[in-house]
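Chain IDs A, B, C, D and E follow the sequence of writing; residue 1 opens each chain.
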């Protein structure tokens, strides 16, 4: 309770830091969800919409990558972006960009796998009809995505949930640098390590409220889109 | 490379610790995935199979909880299980049971949300047919789950992926106690903290291989089940 | 007696069903006829309780033990046998009864096949077996023979008449075949744009329709 | 000329299609007739290339610009207009053409309705409009009027004949109506348990069948 | 020498400690000796100093091993712990890039070194997590008469020592670290400044009072403290790290 009041004070009071942290959090989560969706949905649709040799193995690998430990994914990105890594010269480490990259690595397999699972349900019927009028495999894929729109919106929200809730990777590649790459989860982690458990939980509640707001907004936009 | 060799040595060499860590990891991930599935799939089926007032809000809340930051979930479980918490007398903190509880808190919303999304696709048609022969709403739910079996198996694998990959919550409630609650991810985290990145990554690769094995096994069992 | 009062179903400002008053007598057989989109399925779904009308209500003089077969029945991913047995309560399931129902619709040879792998006509027949495997006193069938071949249609019609007789059952079905209506039912309801524009004995409505729309429609009735 | 050689389709050790040799001449009209499960859909799907036979091959003397309508065509969650237009390449889409095709099957009044909210017969008609909105030289239709009402059936048959004439198109359809076969096609292939047991002019096969199975089958042909 | 296990009522001791003692490998190194000598089993959980103390507050530890004097005194003042027993120490060190752009090697005190860093505008990574190390760092800035918090060369990461060292390594920046963590951490940083008295880092043991939670293993905590302060344990501590790093990581206080 005390922690919650403190968090709300931080949020609406004089101290602008929480607002700044929320801004970075949203920027990072939204951009990485966007990029992951743009990569994962087409890829998942590709896998889910067609029958091909080795599909089983592709699905297994995707499923496995869905369980890539964030710390490991984060470390891999770290090693690539680090000074001694192949992309070290870009000096991206400890930036929001680096966090977005790590998130994209983690979320894209999730978007891919879930999309493939969902698309595979109506795929056979759509394929038969679409092939019958000579629609190219690419356009078929597009039609399948369209037909599963509302389920895929849920998938995007799952991705967003992961992005906003993740801490391991973001901590490693973002570094939790104050005023720069500190996001809600790394701030929560920091409070936790400082033993301020209730304050950490309160920040968590603030994060959930934001998350819920985004969910409600997306659902509202989607239901309006249905007309 | 060096790290990988070291990890493999640890795995197959004299040192039995890695094997013990893997055993704890599997025990924790499998049990928590099992419990979450037993809770989340029926709950998701309940939500996905019916039309009721406020369904939208239930879905939004579920979606939001899918994005519960592991650290926050872990902290909440910590505060409940801690000696000063309501369930302190059970002395569950720093045990595999505590880790399982935290994982269940984190994974159940995911299982619920994904199940609801998937079940909602064939639900209307199944409902019309089943209602037409007087099948109770409960049995209808069972039929829907059955019809989505292979998609729900994917969902369970998603849950397992989360369970085996999660570190934040498990660290807080499990405490990373050697020979007791140390799992792959907390071990990886520890190596990371010591700057032993390549060794950490190698442990991550070992974890992914295990994950892949479980995936392949489940897929194999499932495809055999189809006959 | 099943009575409909002021039933209306509206989709996007389009009235697809509008029935001020309609009565189905018990133990009688009815056919719904009308062009595509005239509201047959909508009416059956409302009677079956799987669709809520936007206004009005359906009342019944006796408690109904109802069976309803949708236009595209769902076939589950398990054996045909089991697909039929789902209609029965777990304790009641009798292999003989299931097999008998399958025989009646000419599907006994496929009892072990997977429901979801059947052909169109086979699926419809299986769904019919599911309806007649247990007793009911109100049977609602949406185009029950649309996908059946002509031999199958004969067989199904015979099975249906037997079932309705055995169970003293009220039958309401929709069909695109006036000939089938003449063979199966007592009364025909002709639907047009969501309204029942004529109701009467099958003979009267299909051979001596009063309404010019029906006359024009029946001009297309060929062999 | 479309030639099938040694075509076999086997599901779980059951041979559902077995065609040692079969030829379809170009610009001719064919009907597949047979009981449920005799293999009509399987044959059409193999001809359409949406199903791979377990052995044998289909060869064609000329490149085919093929159109195939499945037994349960898919209706997309957008307008009827757009559902029809998906058959055309993006650049070609002409509103007039779409409307014309919809008119031909009696669906122009529903052009703005959602495809996935149509009735059974409406869905089938829309799917037919999708087939005839653009030219093709091989048209494969699986029970194209199974869900259509009798007026709709007349209308569709007229539209189909016109389309086939206009496009000089080979037509292969399946049907459960011998009468429809007589009205629409030159040749009938009678399928039984996956085999073509008789092939010949519609008149011969349906009025003077040689095979006793067909004779027995046609006994059920009523008005 | 092993006392019979039957005499021990509750054989499990929950020790809450900071990452530095655990990740440096000291505790895992001492643990088997302690367990063999006393028959107790010790469960070590490590976290940031604040969290480590907080876990003792919530009753989830029997014994505390930390290095933050004022927090420890608060803890005892609130009646959670019995007595603070300093038993070993090491030194904070200033580490940085090998090139040492600020030239802190020539500084005589830590404050002087910090001033040199500030003057050269070289990057400095701060733990920023209110840990003992962070508090020490702020104290040195104060001594140097500099407020770095608004400077753009000052990177506050809010993280543990290991992560802070990683950031410093990547950013080619300076940072203040405890020596043990620095030596155990793999990086390219160089130890540039090692001070005596004003950079001392003292570790203490605190037994949690059994008054609050009746099942607190007070006897176990006392046994652990007794063993840790025994000549044998102190010798082990003084020897730890010599083989690997050529010098001890911790120094016992006798």
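Throughout what follows, contacts are C-beta pairs under 8 Å (C-beta built on N, C-alpha and C of every residue); 3 or more make two chains touch, one makes a residue touch a chain.
As the structure is a computational prediction, the values presented were derived from the model and not from experiment.
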Those chains which touch subunit B and also touch subunit A: E
Starting at subunit B, fewest touch steps before arriving at subunit E: 1
Chain-chain pair with the highest tally of contacting C-beta pairs: A-B
Longest centre-to-centre distance from subunit C, chain (CA-based): E
Whole-Å separation of chain centres (CA-atom averages), subunit A against subunit D: 46
Centre distance in Å when subunit A and subunit E are each reduced to the mean of their C-alpha atoms: 36
Centroid spacing, where centroids are CA-atom means, of subunit C and subunit D in whole angstrom: 26
Between subunit E and subunit D, distance of the C-alpha-averaged centres to the nearest whole Å: 81
Residues of subunit A touching at least two other chains: 122, 172, 192, 197
Residues within subunit E bordering two or more other chains: 55, 57-58, 160, 163, 169
Multi-partner residues of subunit D (each touching 2 or more other chains): 72
All chain pairs that touch each other: A-B, A-D, A-E, B-C, B-E, C-D
Touch list for subunit D against partner subunit A, complex: 45, 48-50, 65-70, 72-74, 76-78, 86-87, 127, 130-131, 134, 140
Residues on subunit A engaged by subunit B in the complex (per definition of touch): 56, 59-61, 63-72, 75-76, 78-79, 110, 113-114, 117-118, 120-122, 148, 151, 154-155, 157-158, 160-162, 164-168, 172, 184-185, 188-189, 192, 197-198, 200-201, 203-205, 207-208, 211-212, 215-216, 219, 223
Contacting residues of subunit B [partner subunit E, same complex]: 79, 82-85, 88, 91, 93-94, 175-178, 180, 190, 192-197
Of subunit E, residues touching subunit B in the complex: 14, 19, 23, 28, 31, 43-46, 55, 57-60, 160, 162-163, 165-166, 169, 184-187, 213, 215
Subunit C contact footprint on subunit D (complex, rising order): 11, 34-37, 41, 71-72, 110, 117-122, 125, 143, 146-154, 176-179, 183, 216-218, 220-223
